[in-house]
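Shared chain: subunit A. Partners: subunit B in the first complex, subunit C in the second.
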Partner chain A sequence: MSEIDHYSQVWTHRTPKTRLMLWAFWAALVALFVWCWQVMTAGTIWAFVWDAPRQAADIGSRMFPPRLSYLPELMGPLWDTINIATLGTIGGVIMAVPVAFAAARNTSPSPAILRPVALFIIVASRSINSLIWALLLVAIIGPGLLAGIVAIALRSIGFVGKLLYEAIEETDRRQIEAIEATGASGAQTLSYGIVPQILPAFWGISVFRWDINIRESTILGLVGAGGIGLKLQASMNTLAWSQVTVILLLILGTVIVSEWVSAKVRQALI
Partner chain B sequence: MEGSYPSTWRRPPQILTDRRVRIGLQVGIAIYLVLAIGTLEVDWARVATGMERGQRFVMGFLQPDFVSRWDDILRGLIESLTMTLTSTVLGVALSVPLGIGAARNLAPRPVYYVCRSIIAVSRSLQEIIIAIFLVAMFGFGPFAGFLTLAFATIGFLGKLLADDIEEIDARQAEAVRATGASWGQLVNYAVQPQVMPRLIGLSLYRLDINFRESAVIGIVGAGGIGATLNTAIDRYEYDSAGAILLIIIGVVMIAEYGSSYLRKFLQ
Partner chain C sequence: MMLRLEGLSKTYKTGDTALGDVDLSVPKGQIVGLIGPSGAGKSTLIRCINRLVEPTKGKVMLGDVDLAALGKRELRRQRRRIGMIFQEYALVERLTVMENVLSGRLGYVSFWRSFLRRYPGADVQRAYRLLDRVGLIDHADKRADALSGGQRQRVGIARALAQDPELLLVDEPTASLDPKTSRQIMRLLTEICAERDLPAIVNIHDVPLAQQFVQRIVGLRAGRIVFDGSPDQLTQSVLTEIYGAEDWDAMRKDDEDQKSAETEQRARLEAIA
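Moving on, here comes the complex of A and B:
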C-alpha cells in the first residue's frame, strides 16, 4: 500500500514529458507563424490596410439599395450558368467512369501500368481548381460557354473518379463471386456483379458534384468562360456596385436551390 | 405448366421502380438536353484555331520550363505557402470559439444563433467573391488573400467543429459536470478530448484546401502562385504555366499524403 506514495497526489491530464513536448510544439508553431507572417507581409502597403474600413463603408453604401431592375437581364446568363454546370457534369461523369474502373484495385485491367496513370489523372484533375482549368481553356479554345463546360468536366473527373473508385473497391466480393460462378464473362460480371452495387453511390456522387458545379460555374465568367460571372465581371469593372449586389443575391439563391435539390435526391437514393 | 413461365429474364430497374416516372424523367432529360445544346453558341472556327495552341500547351506541360521564370515562380510559391499557413492558423484559432458558440449543447440560445449565422455567411460566399471584395478594400497582394482564406476557414471548421461538439458522448460531459466542474473545466476535460483528434484532422485537411485555394484567388489579385500562373498564361508562356501547374499538383500531393500520414500517426 505504501508503494503509491511516490506518485503525485494531484491528478494531471498528461505526463510531464508529453506536456513538455506539447509546449515545444506550440512554441514551434508560433515561431513558424510569426516567420511566415513577416515573409508574407513584407510587401504589404499598410496605408491601404488601415484605409480598409473606410473603403468598406464606401463600397457598402454604393451596394445598397440593389438595382432590382437589372434582374431580367440576368436570366439569360443564369440559364447559361446552369447549362455549364449540367453539361459539364455529364461530360465529367462520362469521362470519370472508365478512369474509376481503371483506378479501382479490383477492376483495373492492368494494376501495374494503367492504375498509376488513372490515379495520376484523378490527382491532377483534383488539385487544379475549375477556375484555373477555365483560365487555360479560355486561352486555348477562346472565351465562351464551351470553355466553361470543358473546365467543369475536367475538374469533375477527379472528384467523381476518386469517390467512384472507392465505391468500386468497397463492393461486396461475394456477390461478384456468385456472378462469376455462373460462368459470366468479364463484361457480364461488371454489368451484373459490380454495377448494381455501385449504382446508388454513382447517382449520389453525380448529383453532389452537380451541386458543387453550379456553385463553381457562377464564377467561371470572371475569366471569360461565360455565364453569370461574366455579368459580375462587367458590373465590377464599371463599378456598378448596386448591380453586383443583385448578382450576388441571385448566385446565393441559385446555390441554395441547387443544394436543396441535391440533398433531396441524395436522401431519396440512400 | 412450364409454358406459363417467361423464358427470358430482364434486369429489373434498380432505382426508379415506377415505369411512368422513369419515362417521364427520360423525356424531361431529353427535352432539357435539346434546349441546352440548342442555346449553346460555339465558335467552332475559334476552337479549331485554338487546337494548335492547345497542342503547344500540352507540349509545355510535358516539357515544363522551371528555369526562365524561376524567380517569379519562387516568389509566388513562397507567398502561397506563407499565406496558407498563417490563414489556417488564424482561421483555426478563430473557429474554435466560434464552433463552441455554435454548438447547441454548450452555448446559450442567442450566442448559438449569432455564431451559426456567421458560419452560414462564411460558407455561402465563395472564396473568390470574398477575395474580390477584400482586394478592393485592402489593396492587391497576399494580405487580402490571407484574410480571404482565414474567413473561409472559419466557416468550414466552425461548422464541422460545432456539429462534432453536438455529437459528443453526453454521458462523459455529465460525469465531468457531476464533479462540480465549471463551464471552462467542462469544455477542457469533457469536450476537448472527444473532439481534438477530429479537429486536428480537419485543420490539416483545411491546410490542404487553403493551399489549393491560394492558387486560385491570385487570379483576382490576392497574391500567391495564382497570380504568377495568370501572368504566365496571359503571356502565352505555356511552358512556364505547365511548370507552375506541376508544382501545384506536387505540393497538393505532398500535402495530401503528409496529412493522411500525420492523421494516422496522431490517432
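Moving on, here comes the complex of A and C:
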C-alpha cells in the first residue's frame, strides 16, 4: 500500500566517494599484510621453527614437575616485590597529585607555563617503560630495592597524573560555582567543590595502578632492581627450569590476588 | 534600597550584548520575579550581581558597597552577604546534607576549620535550625545524592541561608521540579523571605507560578527591562512584548546568545584556580 510520490526511494549510507575510499583502504591493508608476511618469512631460519615443538617439549619436560621445595626461599623476594609495588605506587601518587592539578585546564595556576610543564612530565613518565627506568636507576643509585621503588614511582606519575587530571577536568562546574558563590577562598573551593568530586576516581586510579605495579615489579629483578625477578633471572641462568615453573606460578598467584583486591576496592567505590 | 543596579551592562567577547543598561532597585523584603524568554539575559543579570559573570560596565550597589568595583579578596568577603540558589541545586553531591549546609559558612571560617569539618558550635546550631526549618533535620547525615529533587533544593535553600545573607539570588529554582514540588519550594522561599525581611531576585520562566508567589515582576527582553510592575499588571499584550510573537529569527539569535554566554562561562571557569 505504498503511496507513490515525488520522494526518492533510494538512500545510501555512504557517498560513492567514501565507498571508493573504503575499498582502497581495505585493499591497502591486504597489500601491507602480504608484504609483511614476505619480510617475515625471509628473515626466519626455518630449521629452528621446524625444531620448535621438540624444543618446547624438552623445556616443558624439564619444567615439570615444579620444585615446590624452592617455595620457602621465594617468600622473602616476593615480599620485596610487593613492597616495591606498594611503596612505588604511594610515592608516584604523591608526586602525581600536584602534577595533575597543574595539568588540568580548570585548576592549573598558570595555563601558559605550568600546564605545558606538567603535561610534559606526564608524557615523559609514560613514554619510558618501568624496566628502562629501573635500568637507568640501577646505574645511578645502584642495584637493590630502592632503584625498583623509584622506577615504579616515576613510571606511575604519568599514569596517575593523566587519569587524575582528566577526572579533574570532568568535574561538574555548577557545584564548584555554588561553593564560590558562598564567598569561599580558592583553597576552600578546591577542598569542597573539587576534591569530593574526584575522590572516587583518585582511589580507583591509585588501586588500579598498584595492581599494574605488582605485575611490573615482578620483572624489575631482571635488571637488578630487587624482588622476585632476581630469582627468576638466577634460575634461568642456571637452567633450573623446575624452579622457573615455581616462580612463574607464584607470580601468577600474586597477580590474581592483586587483581582481585583491586577489583573489590574499585567496586566498593562506585 | 537594599540592591541598586545602575547601568549594568554585559557584552560577551563575541560582541553579543546580554545586558544593556539595566537599572533596577530592590528594597528590603521584596521578592522580584524576573521573567523573559530564554537567552534574554535573566541568568546573566543574576550572575552579574555576585560576579559569577563579570559585568562589562555599570554599578552593583549592595547597601552602600559597589560590588562591581571590588578586588578579588574583598569580593569574596562581600559574596557572603549574598545567598544563591541554583536551578539544578548545585549541591556537592558526594558530601552529606550537613556538609552542604555548613559550606554556606565557608566565607566565615578558616581553611583548616573547614577542611577538618570543625565548625564553630554556633554554625552547627544554625545549620541544624535551618535543616529543621526546611524539614530535613532527619536527613542531616545522608549524602546529598540520596535525596529527591525537592529535598535537594531545600538543602540548597538551607545552604544559602546559612550564609546569613542580606540578599537572595535564585536562578530558576523550580525548573527541574514537578508542579506540586515547585509550588512547595516557591512557598518556602516566600515564607523565608518574609520571616527575615530578605529581598530576593527569582529567575523564573513559569509565568503563572511567578504571578502566584511574587510581589513584583520584571520582564527582560534581549537584555533590557521592558516591564516592571505588579503581577496583575501582566496583561496579554505585556506578555507579547516580553516574549514576542512567534518570531523564529529572534529565537535563533537567542540560542546563539545562550551559546556565547556558555562559552564565556567555560573560559571563566577555566581561569579560576
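Heads up, the rule we're going with is that the second predicted complex is superposed on the first by the 234 of 270 C-alpha atoms of A that agree within 3 Å, B and C clash if a C-alpha of one lies under 4 Å from a C-alpha of the other, contacts with A are read in each partner's own complex, and residues count from 1 in each chain.
We adopt the following convention: a residue touches a chain if its C-beta (ideal position, glycine included) is under 8 Å from a C-beta of that chain, and two chains touch if they have at least 3 such contacts.
Quick caveat, the model's predicted, so the values are computed rather than measured.
Participant: Just from the overlay, do subunit B and subunit C fit on subunit A, or is there a clash?
Facilitator: The answer is clash.
Participant: After the superposition on A, what does A:Pro109 contact: first (subunit B), second (subunit C), both or neither?
Facilitator: second
Participant: According to the stated criteria, A:Ile141 is in contact with first (subunit B), second (subunit C), both, or neither; which is it?
Facilitator: Touch status of A:Ile141: first partner only.
Participant: For A:Ile179, select first, second, both or neither according to whether it touches subunit B, subunit C, the two together, or no partner.
Facilitator: The second partner, subunit C, only.
Participant: Of subunit B and subunit C, which one contacts the greater number of residues in subunit A?
Facilitator: Looking at subunit A, the partner in contact with more of its residues is B.
Participant: Given the touch rule stated above, what does A:Gly43 touch, subunit B (first), subunit C (second), both, or neither?
Facilitator: first
Participant: With both complexes superposed on chain A, which partner does A:Leu199 reach: first (subunit B), second (subunit C), both or neither?
Facilitator: Touch status of A:Leu199: both partners.
Participant: With both complexes overlaid on chain A, does A:Gln55 touch subunit B (first), subunit C (second), both or neither?
Facilitator: In the superposition, A:Gln55 contacts subunit B only.
Participant: Would you sort A:Val123 into first (subunit B), second (subunit C), both or neither based on which partner it touches?
Facilitator: Touch partner of A:Val123: subunit B, not subunit C.
Participant: Pick from 9-17, 27-35, 63-71 or 117-125: which stretch of subunit C gets in the way of subunit B?
Facilitator: With chain A aligned, subunit C clashes with subunit B through residues 117-125.
Participant: Which subunit A residues lie in the overlap of the subunit B contact set and the subunit C contact set?
Facilitator: Shared contact residues on subunit A: 192, 196, 199-200.
Participant: Sort out for me which residues of subunit A touch subunit C in the complex.
Facilitator: These residues of subunit A touch subunit C: 105-109, 111, 172-193, 196-197, 199-200.
Participant: Provide the residue numbers of subunit C that touch subunit A in the complex, in ascending order.
Facilitator: Going through subunit C, the ones touching subunit A are 50, 52, 76-80, 82, 84, 86, 88, 90-95, 99, 103-108, 111, 114-115, 156, 159, 163, 266, 269-273.
Participant: Which residues, counting only subunit B, touch subunit A once they are in their complex?
Facilitator: Going by the criterion above, the answer is residues 11, 14-15, 32, 36-37, 39-43, 46-47, 50-51, 53-54, 57, 78-79, 81-83, 85-86, 89, 124, 126, 128-129, 132-133, 136-139, 141-143, 146, 189, 212-213, 215-216, 219-220, 226, 229-230, 233, 236, 241, 245, 248-249, 252-253, 256.
Participant: In the complex, go through subunit A and note every residue touching subunit B.
Facilitator: 13, 29, 32-33, 36-37, 39-41, 43-45, 48-49, 52, 55-56, 59, 79-80, 83, 86-87, 123-124, 126-129, 131-132, 135-136, 139-142, 144-146, 192, 196, 199-200, 203, 215, 218-219, 222-223, 236, 248, 251-252, 255-256, 269
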